[in-house]
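Chain nomenclature is as follows: A, B and C, assigned in order of appearance, with residue numbering initiated at 1 for each chain independently.
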Amino acid sequence: MRRRLLIAGAAAAIAAAALSLGNALRGGSGQAAARSAPAVGIRPDSAEPTVGQLQARLRANPRDAHAYALLGVAYEQRARETGDPTYYTKAGGVLHRAVALAPKDLVATSGLGSLALSRHRFREALSLGRKALRLSPTTALSYGIVGDALVELGRYPAAFRAFDKMAGLKPGLASYSRIAYGRELLGQTAGAIQAMQLAVDAATSEREPAAWARWQLGKLYWSVGRLDAAEHQYRAALAAFPGYVYALDALAQLEAARGQTAKAISLERRAVDDVPLPQFVGLLGDLYRLQGRPALAQRQYALVGVIQRLLVANGVKTDLETALFDIDHGIRLPHALALARRAEADRPSIDGDDVLAWALARNGRCADALGWSRKALRLGTRDALKLFHRGMIEQCLGHRSAARSYLNRALALNPHFSIVWSPVARKALR
Amino acid sequence: MRTALHYPRLAFTVLGLLAGAIALVIAVGPGPQAAKASSHREAPLIATDPTADNTDLYAFVSPDRPDTVTIVANYIPFEEPAGGPNFFNFDPSALYTLHIDNNGDGRDDVAYEFRFSTETRNPNTFLYNTGPIGSLNDPNWNVRQFYSVTRVVGHHETVLGSHLPSPPNNIGPRSTPNYAGLASAAVNTLGGGIKVFAGQRDDPFFVDLGSIFDLGGLRPFNSLHLIPLPDAPGVDDVAGYNVHSIVLQVPISQLVSGNPTIGIYASASRPKIRILTADGTQRHRGPFVQISRLGNPLVNEVLIPLGEKDYWNRQDPSDDSQFIGHYLNPELAALIHVLYPGLPAPPATGRSDLVSVLLTGVPTLNFTGPRPSDELRLNTAIPPTANPDRLGVLNGDFAGFPNGRRLGDDIVDIELRAIACGYGPILHQALGLCDLQPNDQLGDGVDANDRPFLPTFPYVALPKQGYDSHT
Amino acid sequence: MKRLVFLAVAVAALAWPALALAHPLGNFTINRFSRIEVSGPRLYVRYVLDMAEIPTYQAGRIDQRAYAQRIAENAHLSVDGRQVALVPLRSALAHPRGAAGLRTTRLEVILAGPLLHGRVSVSYHDNNYRGRIGWKEIVVGKATRSISHELRAYPKDLLQSPLDTSSATASLAPGPGPDVQPAISSGASLEAPDRIADPGFASLVGRSHLSALVILASLAAALFWGAAHALSPGHGKTIVTAYLVGQRGTPRQAVLLGLVVTVTHTIGVFALGVVTLALSQLIVPDTLYPWLNLVSGLLVVGIGATVLRARLRRGRRHHHHHDHDHGPPSLRSLLAVGVSGGLLPCPSALVVLLAAISLHRIAFGLVLIVAFSAGLALTITGIGLAAVLARNTFRRVGFDGPLVRLLPAASALVILAAGLAMTVKALPKVS
């Protein structure tokens, strides 16, 4: 009897202790301490000092929701500046903390939205962007997030409306560059160049956005074959931000177009050494092949395979660029077609449609490919690569005059639109 | 004792779910986070907008020419003097405007528009200069800026000056050896007694930013803070930076109309563009969208909430009654008591005194009428004093802030004391404004700019040189 | 019994397998570490190079000696202003496993510096792989702590940017004792798996390889977590305890309650998952959570009110009886209590669900949640059993008086109070 009493008492005590322990562990509620003043002035040329200041502030007060949000946004900017993907992970961690402490914080919500965009989670980005708009319908940045997501989901009219709204609220680099993109998608190259020039003017002192805007402007010139103007912009980008990998890669393509293969290789190698994105590595391989060094080319292609494996292991949703790489280089074409299907499902934009069309064509299913290629060109975009794909599909289906028309259009826009495929297009026209 | 085994259905359901799920798992693909994969377009979203950022506005009766008013509008904050390779310039696509409201309706009656253009002498190089810049016309100077000034009165536009030179950035002893000479050569005199300057200057603002943004710390009052620290002198965190200034000096007679008090604000606007254009090659004459404005200092930073900033920046001051709630119930007032529990709590609601100081003007001092609008109100009938007091009106110097704003006025301390309801004995006596002690002693401990101002136009100190920017 | 222990140990061992995680600092980083130390009269530099998967692949076969030589050449040391050469003495090379079955590289090199004749000022600059992204750390002193454990475990502090130190200066003096070369790592220390402190349950979903062993091990871990998690506030422990004590529940009912909580919890999380998937474009899952809190609170209030009313009514009618046995609680009321206890998905489970959705490992996530819920049930059942046992014990002992008579009503009040507290707490979050 006494034994049972003792056991019962112990059990009750344990239960009570468990309950109170749980309560003790919970700690305070999520109320942030006194909300501190708004953003510290961000030094125009880099986000690095801001990061340091905010980290110090948070160590002093670990419940400052707004500081977490600002730090998350600063980390995202550092990721753009340095190319170091660790910053994306940090940004995510810190932004989630911010949202946990203050679910209605505008900066944290839009910060998570832009992070979702960087991770190619476009549906999530759209949802977050809309949430940000509900929190504040007059903040231009939120329209940018929504518009970017809609573009990647192939919902162009809604996207363009969002971009127009954004530019109407706050004309500046962020909105001008999106207007330029909209015009580019609709095939209005002259208007796109004008808008992008406004974006360049608005950047001036900030390194990374200045370099980015110039790079995009250069790509616009490149897309219509104006190589000198493109080169000027790429070099201006490098002057603004020495070592900017995207400018190095773009310049490499340009030098290759001019027949300067060795120069192109040295530029591309610099890009690959700094940030080995699959499209850089793939291009380097193509350049080696052009130079007549197939062994080196093969090593680069194998490296692309390695990067793809890493992306898969890291859990990346299959990317368009990696699917396209396999298709372009004839690597396991049926598997590549499956990849392209998944990529298109994730990103039903005209880029997704085009990659799927090309994948079908390379697998010999040209009839199916035609429908997707039509979708890819439905906006009237003056994109040489998409036109080339269409030309090849028409040729595959035996529509000779249509094929010639599309291939001519592609080469007329930019005779050097692709290291690998421009010669193929020229040959097909002979 | 009965166990779960006596409830077979439940148990089997659970197990069945488990088994089915395991089977699904085998079929399911891989998992988590992305390294930076490839680029979908990824246009910048969070770029700040320095070239259109109004940092400070000053307006005062010129001490050396008391029949004129000098307006200083600063843009592009935190210009690091060692700013290569890009250096700092006004944005050629932006429209910079100084607005004067002389009848108290919140709408501008006289406006001065500044448009800039950048000319690159040698497009084949990206260097700012290819040798020492000895004069404004020196061929070594590659990237130059020029500007035009247009006066707008109603629909009437008069170009007062065009292709006026702006001086180079102050780079170093090799590139800009006689910077003072270059800067003074860039002071332009236009007809009608108007002087104008637009270019790089030292940032005249002084504030202990580091401490204030560390949970509202004021170094001299560190020991009273919620998280106490030892008291210390203030540190001017804006010292060492340059800024781009537009300085305009205009005879008073060209600005006032009846009431000697004028309301002034500065703005920056950019052309609004849309995705669809008529032919893709439109010239950009407008419409312009105002993307930043500034009347009284610190309003946008301290009183307007984050989610409304974009919206506030686009509004015309004549519509500022919609924001009156933020002035009547300033969040910062409540915060002061939380952060400094030892100090008497200033009222956080019903602050009509702030509405007076910042939105309508103070009666008998610089009142322009009942219509609330965020403008810097300058009573041109009050002459400049020989010995300006940095605390302006709070210490009885009626030629200082909030009656206009001189370069030396310590607006951080003044506004802090105003919000903390510590207007000081003089205003308490004269106008019945609240005066809680010791709130009328609050300050950030930074009382003056690190560089002395000039006694003559353009008054703002020369910019710091890039070469010795950290000495 | 022995077999059980063995199984438990095996499962535990499997729970922390040598999983292939991605290089913690990104797959293309080249990380560098230098330790400047003095041993006797001589200065040494202990250099560690950690290359992630991609640079390792690009490097191909690594010639240890050539690398050591290059490292020595690019590490610039000057003593009292004069440049001094560093000489490689020994090196050790290993290729720890990284992600996707690829290898990373860990190269350690001991560099010999000059002999010191008194206190000197030393300036060190590491010029290796200049411009490459990666962790760059320099530490001075033999015993000085390295926050990355010499590139073995990179800290996951969200408030810390990756270290970027390529230069250091110090004032050093020769030490006592003989000139002994610093040790070089070997064996497991060289293979150095990254001992990242895994943040528990939520990280289980993120494991990159999902072999059957991993799945089983993760399930075991999830079970443990659920059991431990049940000790934190919520999940109707108070309610269950109060209910069982008040309703004179039996051990069997305690077990049943535990099961109901489990099933409800699992179903709740499942349902949330379905809703999230279906509405993923419109609703961010975070916004649903406050509503669930509210519903849960209201349900508990309802239960508490019902029970209280029944107690009071019965009490009025039969007050002259003491210790009246009101009969076992009906299945319906039991279910209600169990449901209310399990309705609110635990934050951890929710995180797993959300992570699983975003990671496209939904099925695996749901399996983990079932295991988690089972662990939860075990704890709650245990607590419920303890409550029942306590009550029965007290009854047997004969503590019979007005206090015990009031116990049922009091327990109902506790339930009501808990429900009100939950509701009140949930209201502001819902707005």
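The rule is simple: a contact is a pair of C-beta atoms (placed from the backbone, for glycine too) under 8 Å apart; a residue touches a chain by one contact, two chains touch by 3 or more.
Source: prediction; values computed, not measured.
J.: Quick check for you: compute each chain's CA centroid and the global CA centroid, then name the chain with the smallest gap between them.
T.: If we average C-alpha coordinates per chain, A lands closest to the whole-structure average.
J.: Taking contacts as defined above, which has more of them, A-B or A-C?
T.: A-B
J.: Any idea how many Å lie between the Cα centroids of chain B and chain C?
T.: Centres of chain B and chain C (C-alpha means) sit 45 Å apart.
J.: Compute the distance, rounded to whole Å, between the mean C-alpha positions of chain A and chain C.
T.: Here the centre of chain C sits 31 Å away from the centre of chain A.
J.: Which chain A residues reach two or more other chains?
T.: Residues 83, 85, 275, 310, 312-315, 317 of chain A each touch two or more of the other chains.
J.: Can you list the chain B residues in contact with two or more other chains?
T.: Only 30-33, 35 qualify.
J.: Which residues does chain C have that touch at least 2 chains other than itself?
T.: Correct list: 22, 26-27, 206, 208, 359-360.
J.: Give every residue of chain A touching chain C within the complex, in rising order.
T.: Residues 1, 4-5, 7-9, 11-12, 14-15, 18-19, 21-23, 25-26, 51-52, 55, 58-59, 71, 78, 82-86, 90, 93-94, 97, 99, 103, 121, 123-124, 126-128, 131, 243, 273-276, 303, 306-307, 309-310, 312-315, 317 of chain A touch chain C in their complex.
J.: Per the contact definition, I'd like the list of chain A residues that touch chain B in the complex.
T.: Residues in contact with chain B: 33-38, 40-45, 53, 56-57, 60-61, 73, 76-77, 79-80, 83, 85, 88-89, 92, 106-107, 110, 114, 117-120, 135-136, 138-141, 144-145, 148, 151-152, 160, 163-164, 167-174, 176-179, 181-183, 186, 188-192, 194-195, 198, 201-210, 212, 216, 232, 235-236, 239-240, 246, 275, 277-279, 310-317, 319-322, 347, 351.
J.: Spell out the residues on chain B that touch chain A in their complex, using ranges where they run on.
T.: 30-52, 76-80, 83, 85-89, 91-94, 123, 126, 209-210, 212-216, 226-227, 270-277, 280-282, 284, 289, 291, 301-302, 306-311, 313-314, 331-332, 335, 338-339
J.: What part of chain C is in contact with chain A in the complex they form?
T.: 20, 22, 25-29, 53-54, 57-58, 99-102, 131-133, 158-162, 206, 208, 231-233, 237-238, 241, 280-284, 286-287, 358-360, 383, 385-387, 389-390, 392-394, 396-397, 429
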